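Let me begin by presenting the structure, written as C-alpha cells, before commenting on it.
In order of appearance the chains are A, B, C and D, and numbering begins at 1 in each one.
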Amino acid sequence: MNSKAAPLRDEFPLLAAAPELRYLDSAATAQIHRSALDAVVRHETTRRANVLRGTYRLAEAADIAYAQARQTAARFLNAGSTDEIIFTSGATASLNLVAHAFGNTLKAGDRVLISLAEHHSNFVPWQMLRERTGIELNFIPVTSGGELDLVALPRLIDARTRLVAVTQCSNVTGAWTDVAAIVAAAREVGARVLLDGAQGVQHGPQDVQALGVDFYAFSGHKCFGPGGVGVLWGRGELLAKLPPFLTGGGMIASVTPQATTWALPPQRFEAGTPPIAQAVGLAAALDWMMTLDWQQIHARESRLCELLIEGLQRIPTLRLLGPAPSAARAPIVSFEISGLHPHDICQVLDAHQLALRGGHHCAQPLLAALGVEACTRASIALYNDESDVLALLDGLTFALKELR
Amino acid sequence: MNEGNSLYQDAIKQFARAAHGHGQLAAATGEAKLDNPLCGDRVRMQVAVASGCVTAIAHETRGCLLCRAAASVIGLQAVGHDANGIKAVAHDLESILHEGGPVAPGWPELSMFGPARGYPSRHGCVLLPFRALLAAMAESEMKHVQG
Amino acid sequence: MNSKAAPLRDEFPLLAAAPELRYLDSAATAQIHRSALDAVVRHETTRRANVLRGTYRLAEAADIAYAQARQTAARFLNAGSTDEIIFTSGATASLNLVAHAFGNTLKAGDRVLISLAEHHSNFVPWQMLRERTGIELNFIPVTSGGELDLVALPRLIDARTRLVAVTQCSNVTGAWTDVAAIVAAAREVGARVLLDGAQGVQHGPQDVQALGVDFYAFSGHKCFGPGGVGVLWGRGELLAKLPPFLTGGGMIASVTPQATTWALPPQRFEAGTPPIAQAVGLAAALDWMMTLDWQQIHARESRLCELLIEGLQRIPTLRLLGPAPSAARAPIVSFEISGLHPHDICQVLDAHQLALRGGHHCAQPLLAALGVEACTRASIALYNDESDVLALLDGLTFALKELR
Amino acid sequence: MNEGNSLYQDAIKQFARAAHGHGQLAAATGEAKLDNPLCGDRVRMQVAVASGCVTAIAHETRGCLLCRAAASVIGLQAVGHDANGIKAVAHDLESILHEGGPVAPGWPELSMFGPARGYPSRHGCVLLPFRALLAAMAESEMKHVQG
C-alpha cells in the first residue's frame, strides 16, 4: 500500500523547503506547483508585454501565451469552445460577474435558487442582486450532515426560477453536490445552472459538458496555480447575449461619448489588462494536473480521509460535521470539540507544525444550519500522506490536554 | 509544555474558566455587542457607570480562551476605573501585543498575554472585550449627555 | 552628461536577458523589476497561505506580508491611513469599484464630469453609470494638443456635479493634467475628485494628500510590479460611507439568509481571496521606487523625450500629437505619418528590435478629438537611454523607405 | 530588405497601392461594414450577387497595408465566385496564416501573406476584408430569400 508515500510533495517548492510542515489547509489555498511558479517567472522574464494590442514580437509572444492559457483552461474543463473561457481575478470575481451580467437581466419576481451550504462568495452576490432587482431568493436547505437536501427541491423550483447557483463541493463538509439532480430539475423549468467549482477543481479536471451546467467558476490558487487569477466558463450562446460587467480597455468594439459597443466574448468580459502571467501560471498548473492519474489520487485521498475520520471518531466530545464517511465527499473534514474553541485548537496544532484553519470558513449560513458558530477544518490534498493524518490525530490528543 | 513562551499558560486557562464578571446587569447604563468577523466570536458587555467610573460590570463572552480570559480580567478589574483609565490599560495591552511593551502597573494579569505577541491573528481575540467595554462606556456616556 | 547610460536596465530581468531589445512600450506595461519578481517567488515559496483567517504561523506570515504591502502602498501614496488602501486586480477594477460603490449613490440628474482624454477604463464605466442611474455625463474637451481644455471648466461644473474623474496623465499624449485647477473647481461646488493614476505612478511616488483628490487608482504592472494587482486609494471618511461593490468572502461582518452586514474598509472592498503574492510583489516594486532619485530620473526622461521630439520633427509628413514639447508632459510621444498605418510602422520597427505600440490605445474619444484613427506611440521609462531614442529615429527612417 | 520572409514584400505594397475594387457600387445587393476593434480599422464591402455568384464588387478600406492588400486581391478576384468558393479561399488563407499551408490554387497572390504567419496579431488585418465580403454576401442572400 502506497498511501504513506506522497511522492508529489517534492514538486511543491514551499512544502519541499519545509519538510516538517503538515499543510492541511488546501481548501483555503492549495500550495503552488513548481511548474506554475516557473511559468510565471518565465513569462515575466521572457514574454512580458500587454496583450491583445501589440504588434511587436514580445507582445505577440505574450498574446500567444495568453491564448494558449485559455486553450488549456478550455481543455481542463472540456469546454465546447475556447471563447467560453473568461479569465477573472478569482472565483469570487467570476461569481460576481454572473450575478451582475446574467443577474441584471432578471426582473422583480424572478427567482434565484441557491443553497444554505454556499460559501459567502456564492451567497452575498445573490442577496445583493435581490436588493438591486427585487428577485426572490430561495434556499435549498441542508441535511444534518450538511448535504443539500434535495427532497425540498421540487417545492423550491418552478417556472419563475431563472437560475440555480450552487457549490460543487462544500468547503466545510466536503459534501459533493448531486449536480445531475440539480441540472435535471433546473432543465425541467428552464432555469440555468451555475456551479461554484472553487472546491471541485482541486480534485481533478472537470467536464462542464458532462456536468450539463451553464456556468462554472473557479480560482487558480485552489488548484495549485498562482493567486490573482480565476476562470468563469459560460455556454457560448449564453455569453453572446449577456452585457458586460466590468468595463474599460480591451472589451469594446468602439467608444464614442454617445455610445459604446462591445467586443465579442470572451473579451467582452475581460475589462482592462488581465492577469496575464497568472493565467499562464494557472495553465501550467492545469496542464500538470491533466497528466496525473486521478483515480489513484482519489483512492489515496479517500483512504486518508477515512483514516482521519476513524481517528476523530475515537475522540470523546468531538462532533464530526458533514456527511457520513461513506457519502460522496472530498477529503475535507470539519469538526468541533465541546468546550474548545477552533482558534485555540489550531494554535496548539500549529506548535506541532500542523496548519489547519478554524472559524466560520466564510459559510455562516451553513454553520448556523448545522448549529455551530465555528469549527476546525482539515483539508487533504494530493501532497498529503498518512503521516500528516497521524500527526493531526496526535496533535489533537495533545490539544485536548493543553487546553483543558 | 506550559513553559514561559507558551500561549496557553495556566493563568489564561484559569482566568477563562473563572469567567469573572460573567452574567447580566439588572441596571446597566451602557451596553455593547461586538463580533469578531473572522470567527463569529461575540462579546456582550454591560456596564453601570456613575460619575464617570464603572460601578458594576457584566459580560457574556463567546470566544476562544484568549478572548474569555481577557473578558474575565475585565470582570475582575474594571470596577472603579473611568474611561481614560480603561483606555490607558487597553493601550498598554496593545503595546504588550505589538511591541512586547511593559505590563500595565495596575493590571499585572495582562502579562499573561505576552506570548500572543508572536501571533498577530490572535490580537483581535484579546482586544475584543476591551473594545466592547469602551463601546459600552461610550454608550453610557452618550445616554448620560442626552438624558 | 549621463543620459546615455541606463544603469537601471540591468535590474529588469527581461531587459537584462535581451540586450538588443529597445522597449518603448512602458505606458502599456512596464517591465517588472527584479525585486518585485523575487518578492513574488519568495512569498509563494515561503509564506503562501490564505490571508485574514488563519491562525497558524504560515498564515500569520502571509497576513503580515499582506499588511506590510498595504503599508508600503500607503507610504508610496502618502495616504492618511493604511486602511485607505484597497487592493484590487488593477486600475480598471479600481475605477469600476468607484463607478459602482460611489456611483450608485448618485441619482438621476446628478452630474459626473470626465474628459475626452480618458482611457476607456475611465470612460466606459461612467457611460454605464449613466445608463444605470440616469446621471448626466459631461466631458471636458481637449485642446488641439490633447491637454484638458480647462477654459471650458466653469461652464461644465456646477452644484449638481458630484464627481470629477480624470486622468492624471494621458496615455496617448503624455500631457499631465492640472490637478490643482480641477480640485479647486471641484471643491468650489462640493464635487469629489477621482484621479486615474495609471500613467502617473510609473514616474514616481505620489502624494494624494498634496494632490487633494478623493480617490486615486493605479495598476501594479505599470509601475514595475506584477500584473493582476492594482490599488484604489480613497479618503477614509468617504470609504466608511460607501457600500461594497464585489461581495463574497472576507468583506462581511456577518451573513444570514435575511441580511448581511459589512466589514470596515478596506476589507469591505476586498471580496474573496485577494492577489496576495501580487500585492507583496507590488510593494517590493514600490519600495524600490521609493529609494530612487526621481529628480534625476525626470531630468533624464525629459532629455530623452526632447531628443525624440526633435528627431521626429525632422521627419516630413510626420504629425506629432500632444502638447508643446515645453509643456508638462510625461515621456510619452505619439505621432502619425501620413499614408503609413501604425501597425505597419510598428511591425517594421519590430524588425529593428524596437517595441512600440500602434492603434487607438484605448482612447478613441481622444483620438477622435485629435482627428486621427490610430497613432504610433513611444513611451519612455527609467530603463531607456539615448541609444533607444536614436535607434527609434533610425528605425523610422527605414520604415519610411520600407513601407512606401 | 525585401527578401522572401519580409512581411512587406513588394507584392503587398503594390496590391495595397493598386486598391483594386476601391469605390462604391450603384447597385449593390449586399453590404457589410466591419471594424477591427484593436486599431479602429474598417472595411466597407459592397457586392452585387446574381444566381449566387458575385457579379460586381467594391470596397472602401481604411487600414494597414496588409488589410488594404487583402481587400485589393478581393477586388481583383472575387467576381465570378459563389459563397462556397469565397469560403474555400478564406479557409485557404487561414491555413496559410495558421499553418503555412499551401496557396489556394485559384488565388496565387495570397502567397504574399505567407510571412504574416509569424505575426498572429496581424492575421485579423488580413482576414478582415474576407470577413466583410462573406458578411456582405450573406446579407445579399438574406435579402434575396426575404424578397
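Points to keep in mind about this one:
We adopt the following convention: contacts are C-beta pairs under 8 Å (C-beta built on N, C-alpha and C of every residue); 3 or more make two chains touch, one makes a residue touch a chain.
Just so you know, these numbers come straight off a predicted model, no measurement behind them.
Our note on geometry: chain B versus chain D, Cα centroid distance of 77 Å, whole angstroms. Note on chain placement: the centre of chain B and the centre of chain C lie 45 Å apart, centres being C-alpha means. The distance from the centre of chain A to the centre of chain B, each centre being the mean of the chain's C-alpha atoms, comes to 38 Å.
Contact of a single residue of chain B with at least two other chains is seen at positions 38, 40, 119, 122. Looking at chain A, residues 53-55, 59, 252, 254, 343, 347, 358-359, 364 sit in touch with two or more other chains. The touch graph of the protein chains shown belongs to none of the named shapes. Two chains count as a pair here when they touch; such pairs are A-B, A-C, A-D, B-C, C-D.
Within the complex formed with chain A, the residues of chain D that make contact are 35, 37-38, 40, 118-122.
On chain C, the positions that touch chain A within their shared complex are 13-14, 17, 21, 23, 25, 28-29, 31-32, 37, 40-41, 44-46, 48-50, 53-59, 89-93, 95-96, 116, 119-125, 127-128, 137, 139, 219, 221, 226-229, 246-250, 252, 254-257, 259-260, 271-278, 343, 346-347, 349-350, 354-359, 361-362, 364-365, 368.
Partner chain B is touched in their complex by these residues of chain A: 341-344, 347-348, 351, 358-360, 364, 367, 373-374, 402-404.
Those residues of chain D lying in contact with chain C across their complex are 1, 6-8, 13, 38-41, 62-66, 119, 122, 125.
Against chain D, the residues of chain A that register as touching in their complex are 52-55, 59-60, 63-64, 67, 252-254, 263.
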